[in-house]
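Attaching a single structure in structure tokens format; questions to follow.
Going by the order they are written in, the chains are A, B, C and D; count residues from 1 in each one.
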Amino acid sequence: MKSPIPDYLRQVLEKARPDDSGQLANYIDVLAKADPSKMAIALSTVDGNLYSAGDDEVEFSIQSISKAFVYAIAIEDAGLPRVLEKIGVEPSGDAFNKLSLQPGTNRPMNPMINAGAIAAHTLVAGESASAEERVDHILKVLSKLAGRQLKVDEEVYEAELKDANRNMAIGYMLKAAGIISCDPQDAVRGYIRQGSITTNVRDLAMMAATLANAGVNPITGEEIMPHQSARQVLSVMTTCGMYDAAGDWVSRVGMPAKSGVAGGIIGALPGQVGIAVFSPKLDERGNSFRGVKMFEQLSSEMGLHMMDISQVGRATVRTWTLTIAGGAKQPDEREQEVPVFGLRGAVRFAGSERLTRAIVRELTPPNPDDPGSGRHADASAVIFSLKDTYSLNYVALRIISEDMRRLLAADKNVVVIDPVKVLKIDGNPAFKEKSPCVVNDEAEARRYIGGQGCRAVSHSDEFY
Amino acid sequence: MKSPIPDYLRQVLEKARPDDSGQLANYIDVLAKADPSKMAIALSTVDGNLYSAGDDEVEFSIQSISKAFVYAIAIEDAGLPRVLEKIGVEPSGDAFNKLSLQPGTNRPMNPMINAGAIAAHTLVAGESASAEERVDHILKVLSKLAGRQLKVDEEVYEAELKDANRNMAIGYMLKAAGIISCDPQDAVRGYIRQGSITTNVRDLAMMAATLANAGVNPITGEEIMPHQSARQVLSVMTTCGMYDAAGDWVSRVGMPAKSGVAGGIIGALPGQVGIAVFSPKLDERGNSFRGVKMFEQLSSEMGLHMMDISQVGRATVRTWTLTIAGGAKQPDEREQEVPVFGLRGAVRFAGSERLTRAIVRELTPPNPDDPGSGRHADASAVIFSLKDTYSLNYVALRIISEDMRRLLAADKNVVVIDPVKVLKIDGNPAFKEKSPCVVNDEAEARRYIGGQGCRAVSHSDEFY
Amino acid sequence: MKSPIPDYLRQVLEKARPDDSGQLANYIDVLAKADPSKMAIALSTVDGNLYSAGDDEVEFSIQSISKAFVYAIAIEDAGLPRVLEKIGVEPSGDAFNKLSLQPGTNRPMNPMINAGAIAAHTLVAGESASAEERVDHILKVLSKLAGRQLKVDEEVYEAELKDANRNMAIGYMLKAAGIISCDPQDAVRGYIRQGSITTNVRDLAMMAATLANAGVNPITGEEIMPHQSARQVLSVMTTCGMYDAAGDWVSRVGMPAKSGVAGGIIGALPGQVGIAVFSPKLDERGNSFRGVKMFEQLSSEMGLHMMDISQVGRATVRTWTLTIAGGAKQPDEREQEVPVFGLRGAVRFAGSERLTRAIVRELTPPNPDDPGSGRHADASAVIFSLKDTYSLNYVALRIISEDMRRLLAADKNVVVIDPVKVLKIDGNPAFKEKSPCVVNDEAEARRYIGGQGCRAVSHSDEFY
Amino acid sequence: MKSPIPDYLRQVLEKARPDDSGQLANYIDVLAKADPSKMAIALSTVDGNLYSAGDDEVEFSIQSISKAFVYAIAIEDAGLPRVLEKIGVEPSGDAFNKLSLQPGTNRPMNPMINAGAIAAHTLVAGESASAEERVDHILKVLSKLAGRQLKVDEEVYEAELKDANRNMAIGYMLKAAGIISCDPQDAVRGYIRQGSITTNVRDLAMMAATLANAGVNPITGEEIMPHQSARQVLSVMTTCGMYDAAGDWVSRVGMPAKSGVAGGIIGALPGQVGIAVFSPKLDERGNSFRGVKMFEQLSSEMGLHMMDISQVGRATVRTWTLTIAGGAKQPDEREQEVPVFGLRGAVRFAGSERLTRAIVRELTPPNPDDPGSGRHADASAVIFSLKDTYSLNYVALRIISEDMRRLLAADKNVVVIDPVKVLKIDGNPAFKEKSPCVVNDEAEARRYIGGQGCRAVSHSDEFY
């Protein structure tokens, strides 16, 4: 069977093709002579599957899309506090090439306008780095993000450099304001060079997917930036990525994004996908005209709007009862009905809350207003089944551990079926006094409650 | 067992208590004499469980928090296109009481500043509605959101009205700009009255949870606003809810939010929770000082930042094999090994993509570079298990249906275990030619493949 | 002989007539239906001669031209310090109906924009005055300025009041900012009423001439405002009178001016003329299109640009010698050659300096480099002829008095021919020790130096 | 006798000395180490008398004061239309070092802010001029203005160049906006060099006096710039010279002015004086603190406010009667009473109007309401005495010529006593048909009317 996903992407692309509105960027010849008929789209899942359609091998300069990644590199190299001291995070409401220094602090409003991006560029690779070192470092990281060696388009670089007066102005203004410490001309040249790196939509989709995957390259598994950096970059892309239409973009598309003047746009939805589109003609805001159309389709059809309730998987809780016969040691013992609480999916606060509620309902005395409650008020053992639990975040771990601690404190037997060890036992303060018994499957749980000890576990489920 | 969640909220609250910085709003006496020691926090899950801590019965005026809900009502009553014609969605970078009309359109920048909120107020209940009718309608909807009858604090209303010069100015300016059509004094009086409605944190948490639950009240199950309205409100809260610090709030807290001058703040995370906090002293931006602290804690500890990868539950795919004996009709038939593809959780694009990938891997000829591939290249039947599938969004439904269509076209038997009917068959264009057989459980699937027909299904799983 | 001046004005008017560009103000019907073919011009000298041409009897509403005069009334009624506390004097660069409150002080930028003009209106007639009292007082003063009883056009007033939303907005904003203390609606109604007073160009030319004449009505001689108020009004008209084109107007026309939306413009050149023009069609800045053309002609042809050097009359100094025979008492005495210093015109610093220079040159020992110097180094008497001196300002009086004091201290006879008493002797600190002898004419000066005493003087010269 | 004027300046200076508020400019070391106790004042009349007091030989860098003169040079070298195309004339309300490009045109707001001044600098000496040529030309013109060879302070230049980032930014922004065509670094270096020229207050007072004298150096008599340029410069200084306080300065001081960061300020009052002050400590606007105080004193005490009515000398008209006996040819003729109209001072429109009024009054039939009128209704001859007329501007010449034409047309004898030939006869269209007889003095007028012909005239009056 052939996957229908490339077919779907092709449909998105063809639906956007008929309207060839917009204008090629014409401030430099090399952009003005781009082929306006080229169109491409690519999508990478956070586990590294890359689909594409259209002219997906056509290369174009990354331009302002580099700003998002260089901001991440700056955070890595200089630390977030220093980066925040030099560059704000507020939308400017201005066009991309405005100075927009914040009154008082003199910081550029955000790293997605040129002023902030030039400042971010100079924070790469340490204060004493030369321009070459900064660009080399950026090229190296972007190549790791893309998963192949990228390079600078020297023709674009030379052309941009000739038209760099406004950026030079910004560079000197930043120097005057104490925001950058290196030579302004060096800073601007390096910044222009970073934007002259060429990519295709497949490269960009991989790069975006790395942001969506908390900084880990979905294919190589390498952590290219810490997850806090990825979160910061995505936050700033949300409010500042599409220039002077932050609110409009968030309302209509609802995804952190960044566009470049050569016609590329990337979008990244945390935990899901990285997307890249390409079409050289620009709308009046300087974003790819057809690119925006493709993103609007993807958002509405694929349900990728981050304010859409469907974005969030609901971790589910299921309760059932296991009847366990008396163990071998105590052959005269009565069978017992042991409640099992099964927890599925990625569990955050909401899931842990649902679990807690289920436990309270089953184990406290029956409530006349709630007919099904109190069914296991007298249970002497409780089983938690975490074998379908994908992950527990900090607060979920804390709340579930506290649930177990309270049960243990009430002298219940607590057994956890946790073959992949999502529940941290070691060092967990809830388990300082007593620990639950962790088992590999229901059979072991049965054996344990029936009287045997715990066994080592191993993991065999196959996940795609 | 007692739930640990209220204890957790209490910890959040106590951690924020020691720093009593900030100032009471002092422009009217009734706010200036608020008790600055009061603090409260409440949290409602999207399935309607409400937790709270602190002074959760203390009532205070809703103030600007009403703007978010009245914007939703305006969308419902006047339609989104008309609302967008009158009120923008861009962050203004200005303080809340600035005019901030957009050059050109004269629209208020967004519905979270006073100008936009007054405009939104006038779009409630139809153009011919009187001021009383607008306020009555708002009070009715807010009461439904809160789940109890709310009322206006007349003392607050009278005091605000005496200090309403700036809002009156805004009202007349809106009238002059053609944004509102009713009498400006009426508009402002109604707007002030809407902000004088009193609530406690439990009310507000329920209201926020309704936004997070796509407009459906988590307890009553009533759809109070369409999910598109809820999405629009959350989008605008993301970029404009916290006044002149949109970027900062998105970076640090990462949750759509709205604050009021009486000391309340609400936050809503789609598909998860609605949160409300209260503490009357305000920071220099006019947001509750301790309220902001509590939100920062909740965001970092509870992992509620919307750019956090952990926010998104990963739908999982599992593959196993069912050995099915020849049916009664064909006693001589060999046993067959049927591949089963199990899909769990809320499935969006990513989940459907993972499923597709698994199918392709199992059913196409073995790939020498991928040792486990091609194991069922010759299978004559395929089972999809959707019994643990919580939901399928539009694109996921489309892709999975297309997978099935291709298998059916290749003359495979396709059986879907789908007790709760998440897969739409009726009217699905993929199944115009041939349909899969939908069954209730594995036993039925076995029977069908073994030679029997399909049976009707019923649903019995208990979900919390 | 018929005066050619009305003919000249007629030429100015006809030269501007052919270009009927511009638009009638159309925000209210009564202005939109004005006859666009009407044109008029009037000019009053500071000594009260009024010339006019065109439709000089056509009445139109004074509109914003009233702002200049009401500012003067506010200064008179509330005092300049209080007026400056409430209203700035800086050009705003904004259109006339912008709020333009100064950051920090919240003051309207200047009294020529609506916000400042409304504030000025409320400072008329004392804080406790009613709206009627304010308007009555303004009407009374404007009538005195025009030299005839003016009245309000009720049709204009009613129409403007219906379209007053923006001004109402401004009124409330001023109230909120603490700039005005009365009811905002009253303030705006009074302000609109003041602008609905009707005038013709002859009225306005007289009113402008009063400003140019330091606040004294050129015909009645009544001091309607102190000269400091007139100076302040003219200063503010210079930088703020023509809205957002202060610099352009000062460069091209060079005269304090104020325009009104009904098509009138006044200009006032201190010490010279008041001018008014009228033509209802407005340019894109809201100034009368033909009115501006007429002012440009008047400025370039009549040399009325205030930065034109020809604006300033040069007071002249002339020196000659009087041969005086010995007096009767000393018949044997030799004739003496007495230097006479004649000073003509309005003498300010420059004239007094020139005089001083002449005295030093004549009375100090001859300088070999300056052949004509030192001719009266031995003179025992000096005559000052002030009979052609029009006026002495403060510094000129001070310097000339000091010249005389030094001559008296050197035991010279100092005689002043000063029939109109421009030189103040009484209370002049320079003359505490010795006083010059003041005489009526040269004959008396001769007699005095020849040995007789001083005689009383009388004034007979006839000035136009 | 010693002139009291230096004593007066000394008093002004000493009155300002006690308050040593303000701060030295500290952005470069060479300014930060200036001696804050130095103070000086100088004043030059438009006829070239220079007075000074205090540290009048102390040299300091001219800084922004150069902007006024370089603007004049740019107008001379590139023409006013091109200069206006590149640089606006509107006050910016911003600090001196803001970009303040006008929306739409991208022009710097005015030539007194750095952006406009850098643009003006590049318009000097032709588009193909090198940076050296521009600076050489500026230095040459400034030296002519000062009346001595000025030079650049290399230490200041080097220090400013090191701190030039903001100006470099402005330079590149101007280049990007298409305002300047040369290399931005060259432009900024030249601009900094022009500001590093050193001067003392005596130099600056002479330079200011040249502006006040319509572009003619008062001492050398050389026309250094056309009077239109001087007028343009003074106009722009009026609205933009004192940065963000144009209105305040015009109200309080009322004189075109320009300040520099080294502590100098110049002021120029057209037709009167040029003034310069020096004191290095600056107020918060960057103007010399004591310098502003000295200007305020000079304005109020010396009556130098340009909106002061006393600024304008009133040309005066005097009428008397000459009794002329019958001439030799007609011995039997009766004596005739001939009216004489004497006109004194600098005559502009107002003077010519007064004269016209006098003629009409005397020569038309008696008006019963005006007892003195119609006294010469039957006169066959009229004498105009222009011997005390300092000048006639364009409109005055035109009106007086027209008066004469009308009298000649009515067959009156018209005789003009005009020893210095202020009345243009040649080519005057009023005299195409008939000309008045121009004579040198009253005796000649008598002879002419008595029957003799006209004689050649010569000029002998001595004016200071």
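Everything below uses one rule, namely that a residue touches a chain if its C-beta (ideal position, glycine included) is under 8 Å from a C-beta of that chain, and two chains touch if they have at least 3 such contacts.
Composition by chain, UniProt nomenclature: A, B, C, D = glutaminase.
Bear in mind the structure is a predicted one, so any value in this text is a computation, not a measurement.
Listed by label, the chains touching chain B and chain C alike form an empty list. In terms of their C-alpha centroids, the spacing between chain B and chain D amounts to 72 Å. The distance from the centre of chain C to the centre of chain D, with each centre set as the mean of the Cα atoms, comes to 19 Å. Within chain B, no positions touching two or more other chains are listed.
Touching pairs of chains, sorted by label, consist of A-B, A-D, B-C, C-D.
Looking at the complex, you find that chain B touches chain A at residues 1-5, 7-8, 45-47, 49, 51, 88-93, 110, 212-214, 227, 230-232, 234-236, 238-240, 244-248, 250-251, 254, 256, 269-273, 301-319, 344-346, 348-350, 353-354, 356-361, 363-364, 388, 390-391, 393-396, 398-399, 402-403, 406-407, 410, 461-464. The touching residues of chain C, when paired with chain B in their complex, are 99, 165-166, 168-173, 175-176, 184.
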